[in-house]
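The two complexes that follow have subunit A in common; it is paired with subunit B in the first and with subunit C in the second.
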Partner chain A sequence: MIIQIIVVIIVLSLLGFFIRNTVNNLEALGAEVGYGFLFNPSNYDINQHLIEYSSRSTHLRATMVGLINTGLVAVVGIVLATLIGFVAGVLRLSSNFLVNRLAYIFVEFTRNVPVLLWILLWHGVLIHSLPHPRQAITIYDVTFLANRGFYVPKPLLDPLFWLVAIAAVVAIIGAVIFSKYAKRKQELTGEQLPVIWINSALIVFVPLLVFWLTGTPATLEMPVFEGFNFKGGIVLSPEFIALTLALAVYTGAFIAEIVRAGILSVSHGQTEAAYALGVKPSWTMRLVILPQALRVVVPPMISQYLNLTKNSSLAIAVGYMDVVATIGGISLNQTGRALECMSIVLLIYLCLSLSISAFMNFYNKRISLVER
Partner chain B sequence: MQVGKYQLFVATIFVGMETQLNNEVKIMRLTKYLSIVVAVLALGVSGVSSAGMLDDIKARGHLQCGINTGLTGFAFTDDAGNWQGFDVALCQAVAAAVFGDASAVKYTNLTGKTRFPSLNAGEVDMLSRNTTWTYSRDVDLKMTFLGVNYYDGQGFIVPAALGVTSATQLDGASVCIQTGTTTELNLADFFRGNNMNYEPVPIETNEEARNSYLAGRCDVYTTDRSGLAATRASLDNPQDHVVLPEIISKEPLGPVVRHGDDEWADIVRWTLNVIIIAEEKGITSENVAAMAAEVQKDAELNRMFGTEGEYGAMLGLSADWVVNVISAVGNYGEIFEKYLGVNTDIGLERGVNALWTDGGLIYSPPYR
Partner chain C sequence: MAELNKQDYEPGTHVDLAPPVSQVGITGWMRKNLFSTPTNVVLTILTIYFLYKVIPPVLNWAFIDAVFSDLDHRNECREIAGGACWAVVRARLEQFIYGFYPEHLRWRVNLTFVLMFVALLPLLYDNVPKRKYLLWFSLIYPFFAFFMLWGGLGLEDVESAKMGGFMLTVLIGMTGIVVSLPLGIALSLGRHSSAPIIKVLSVWYIEFFRGVPLITLLFVASTLLNYFMPPGTHFDLLLRVIIMVILFAAAYIAEVIRGGLAAIPKGQFEAADALGLSYAKSMRLIILPQALKISIPGIVNTFIGLYKDTTLVVIVGLLDPLGISRATLADSSWQGLSTELYIFIALGFFISCFAMSRYSLYLERKLDTGHRVK
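Moving on to the complex of A and B:
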């Protein structure tokens, strides 16, 4: 106990010493620590901005743009990584020799190379192997693939479109109510309703019907090649694709091993017991194995999600404008305020990581064994 | 404040680590950001001590000079692995002025991001790293700019096949930019001023930018014109690429020291100045020893050679410091021709970097 207190005191005083010295020395140099620069125009452009942004916007706005770009990579990457991880993890346990060896090779090749190299490799392959936009690979002149990005049509929504959105929300609520009803009916009578089919139909066809009834209140803006580049449509830049894919595949390989460990942790007796009761194999997986496996899988998954999010800071290697490249890169350079910019980046990553952690811990609690 | 050395030690570890990483494959970029933070955190007493930097450097026995991580002509390694170049020559000149030995220099390779924190933290004594002299760097970042050794400006290079003859035809183009410089700002201003759109493609190093440009990721590459010339010279078919006539910014490059030690600033400033005066007066690395041996009619020459007055002592240097400088690195014209001139790979004309007597901008106050 005493040792712990002493350690805490030493750590805190070291920290205080560094901070005090920094501030003192900066003041002695005449450069005060201050965040006022955040409200000055940033004077640089960012290629991918999901919110309104121009070179006249403030550094704060540039930080927001970077934060959103980081968030986009993190979210898309986490979803993809989870999918890849689950598929590869299950395939790794396949009884088919070829399939499980291929999954094994994928996992070992992917996770044993530094992720930065994967990012650079994906980017290099994309920009060197794909054609110039002038000779873009096209699918029915609707989507285009070139070394400057993947261009898809952009939906332009008319005001009436909100009716469709409302219909979609109503359909989803209806689906939830129906599945609750079906569950209760099964518990009372044992009768099973085709919940998946009915709910899918509900969610797909109700909004479609409303969309048609209101007179298709949306048009598509097609990407058109003009001058140097495609204009219009939505573009996924090669930097975004390379970064997201590299992170997703890399992290997916780790997740595959976690999933495999989780499934293996459930004793085979459970499967046999379920089979003995006449439960279908697919149900056995869904209702018996996975719920127990998840308890093992979720805690290490938190670290993987955190890793993916933090690894996204390697974006600068391919010039994807994430939070490190904006406030921690160009803003830092334009203003020279290294300490301030880096402290902002640090704080942002801390907040991102803590929120992911908090959410996953909440989920972990939900699925953990409830002791009565 | 006895702990300055400890802080400097921490900063040295981290900045040193980063330097090594730069030379290898750029693994673990995060370490770099960490190192910046630590370098700044460790802005040691050493960084602020204003009295007697010259004495500190003399006691240490070598000059610590911050240079580029690699830029053809300005800072590059020769076959033997020694740093050479237009910017490096100035480090050598200052070492010759202080120690009479041009090789008494330890180089630290700094990126666009790390240069100012490293200088402020006392990691290097001076920067000679194609750094643009701007208001905010001078005033807000507390840097002391000591003159201009190269007048540059930002330009564009495009493939000749594109048929573009002016930068004003670049509306809608994808532009590769090397980040960590003043170029992003100039580019944004230029395109906004001309009501044009563009897709910025930021890239970390000159080498990667070149590759992306060649792969067709962008239509045009922009950086300082000297850098463009260097890049063009390194391409397989230089004639397939044209540098557009527009110069969209002023980029006066020169040596930098931190605020606080005017005596040290004077030494670096006047080292640059005497190199320029030497060209004006026809003093070269070959003839300097012979000229210094006899009394010249031109009194300014005698003052420079230390045969008249106490000019070296005023700076705390030896009486013959100018002779040491010129015999070590040569005059401005010699340095220019050796590393950048028409007979080198870059093949730059003197242009605005000619002496004022030849219609250029290179000018030094008199040595008296």
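Moving on to the complex of A and C:
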């Protein structure tokens, strides 16, 4: 009890000390704390903006653009990292000597070098070794790779396209209903339906059919070389590519180790028991090994996803305009409001992390085996 | 047929035959490890093709077609060969190691670095001769290193802005590791304790520092910390950065040790209480030795992460190896040689981080006494 009181007194006096200093310092500077500046024009450009933005937009808008850019890197990075991680993790356990050594070297080299270095290395390689747009590397004149970015066709959607989208949603709902029906039927009668084939057909062909019936309501806008650069299409900047690939590969190496540990954590007796019961190998993997491995794999994997998202703040090193580079970088330098800008950045990341860790606690509680 | 069955030796006298060629030696090994199934045959061929495509060009770039000599300009490299221009690393090697530490004082850095291993040895291995006395040295080493690097007590002062390169990395990393461990232990005990206020404060601290990226904390250190201090205080940037790194790492270590504490059966706590041990004694003698043992791999991983994260200080303007490489690339005579520089730095980090992770594996094996606490 006494210790608690002492701790409280120490913490409070420290806080008081900091707050009093801050107030004094701000008074000396003649500055007031306030978030009104967020609604002033930002006066700077952002090269990649997925929502409407110009230098006349507000700082708040700039923050939103930065947040969306962060989200884009995070989502693409997480998908790629999961793919890389699973492939590398499984290859690491391969009985093939060459393959598992190669996977081992990949994982160790990637993990033991700082991620910032990877980002800069990728960026440097993209900028220096790719050709000028004039001699861009091209695949069938559809996509172009040059040192200014990666140019891909942009789908232009007609108003009728929403019918196709609805058809896709309906097809997916239908597929879910059908697989539930098939499962019930199997449990009742033991008869198995070709679920995978029917569902794939449903999901692929129904939207295609609607797409054809409505008269192909979407066209592709091709990137075309004009003057000094490409016009039209979507351009992925070298900064975005370098950042996303570096984060995906780096996090992928960590996920590979997690996947490997997860698969190894399921004792071999489980496989043997399943075989003894006459379960075929593919089912053993799906029904016996994976559910047990996932219990070990998922929690650390989510924290790796969180790490990737937090590491995306290194965007500032290559000049990609994420949330730290916009509100915590240029806005801060232009307005001089360090306290307000940094508090916004910290708050955004804190909300993100806390909500993910809350989800993780919920998940852990749900999947943990009930003991005692 | 009868001819074949005829034995021309007495039972039990036949010389041992060598095992079939296909099962032993290189052939056997290849059959087992490379060509055991059709899938493996395909994988092996694909891998060999991949290696054939990748390794020769890389070797050619990095060694055969590369320039290692002592030159002053990238164009001189290009005149000799088209591959890597390692001359840039050679030209800036001293900066990469010492930063801008005054040349006549570099013996102090060297001495501190060598003695670091002397101080680390008794901590890392417990069968070192005279370990007891060496441990005393380890205890005073941090203070010794501080005076050696910064000066004072009759030694010439060196500004922290002059420190850079790998020396800065080791300095920030080592200070972070040494200070954040006790802080992390204290925080994890706080989170584990039954005193509500201490628990809540620890949880807030840990969740805050784990929730935000280190780079934003470094920005806070470089832009905001002056606000929090009494007017007129001058606070060294390096010191601010080191403090932030310590606070950040401590939260992660606390979380790792919390896992260790959670793995200890309740009976251990109850037994300690039943023996009448005070809180401090039961923690020091019973709980922490077990909890720390379980958490060692996690702690070492946190240290590796901390060591790698020291590269972020380049973003607030410190001259770590990346900062030096940035300055080098801004020099017109070495422009565009980023790949060479980054590979050099990457190798430096790889060696130290890989060594740390190997050490962690060694420790895990040594501490594994056969029974796991479940």
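The rule we apply is simple: the second predicted complex is superposed on the first by the 338 of 372 C-alpha atoms of A that agree within 3 Å, B and C clash if a C-alpha of one lies under 4 Å from a C-alpha of the other, contacts with A are read in each partner's own complex, and residues count from 1 in each chain.
Everything below uses one rule, namely that a residue touches a chain if its C-beta (ideal position, glycine included) is under 8 Å from a C-beta of that chain, and two chains touch if they have at least 3 such contacts.
Keep in mind that this is a model prediction, so the values were computed, not measured.
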Output check: A:Leu93 vs subunit B and subunit C. Expected answer is one of first, second, both, neither. What do you get?
neither
Which superposed partner A:Gln334 touches (first subunit B, second subunit C, both, neither):
first
Determine, under the contact definition given at the top, whether A:Ser313 touches first (subunit B), second (subunit C), both, or neither.
both
By the touch definition at the top of the document, which applies to A:Leu26: first (subunit B), second (subunit C), both, or neither?
both
Partner chain in contact with A:Ile3 - subunit B first, subunit C second, else both or neither:
second
So, does A:Leu116 touch the first partner subunit B, the second partner subunit C, both, or neither?
both
Partner chain(s) touched by A:Tyr44 [first = subunit B, second = subunit C, both, neither]
first
Contact-wise, after the overlay, does A:Asn229 reach subunit B, subunit C, both or neither (first, second, both, neither)?
first
Which holds for A:Glu108: it touches subunit B only (first), subunit C only (second), both, or neither?
second
Touching both subunit B and subunit C, residues of subunit A:
18, 21-22, 25-26, 28, 114, 116-117, 128, 313-314, 316-317, 324, 328, 332, 338-339, 342, 345-346
Hey, which residues of subunit C end up touching subunit A in the complex?
33-34, 36, 40, 43-44, 47-48, 51, 195-198, 201, 207-208, 210-213, 215-216, 219-220, 223-224, 226-231, 304, 308-309, 311-312, 314-315, 322, 336, 338-339, 342-343, 345-346, 349-350, 353-354, 357
Within the complex, subunit C is touched by subunit A residues 1, 3-4, 7-8, 11, 18, 21-22, 24-26, 28, 94-99, 102, 108-109, 111-117, 120-121, 124-125, 128-129, 310-311, 313-314, 316-317, 324, 328, 332, 338-339, 342, 345-346, 349-350, 352-354, 357
Could you list, by residue number, the parts of subunit B that touch subunit A in their complex?
3, 7, 25-30, 33, 36-37, 40-45, 47-48, 112-113, 116-117, 120, 136-137, 140-142, 170-174, 179-181, 184-185, 187-189, 191-192, 198-204, 212, 215-217, 219, 258-260
Residue set of subunit A touching subunit B in the complex reads 18-19, 21-22, 25-26, 28-31, 43-47, 54-56, 114, 116-117, 127-128, 132, 147-148, 226-229, 231, 238-239, 313-314, 316-317, 319, 321, 324-325, 328-330, 332-336, 338-339, 342-343, 345-346
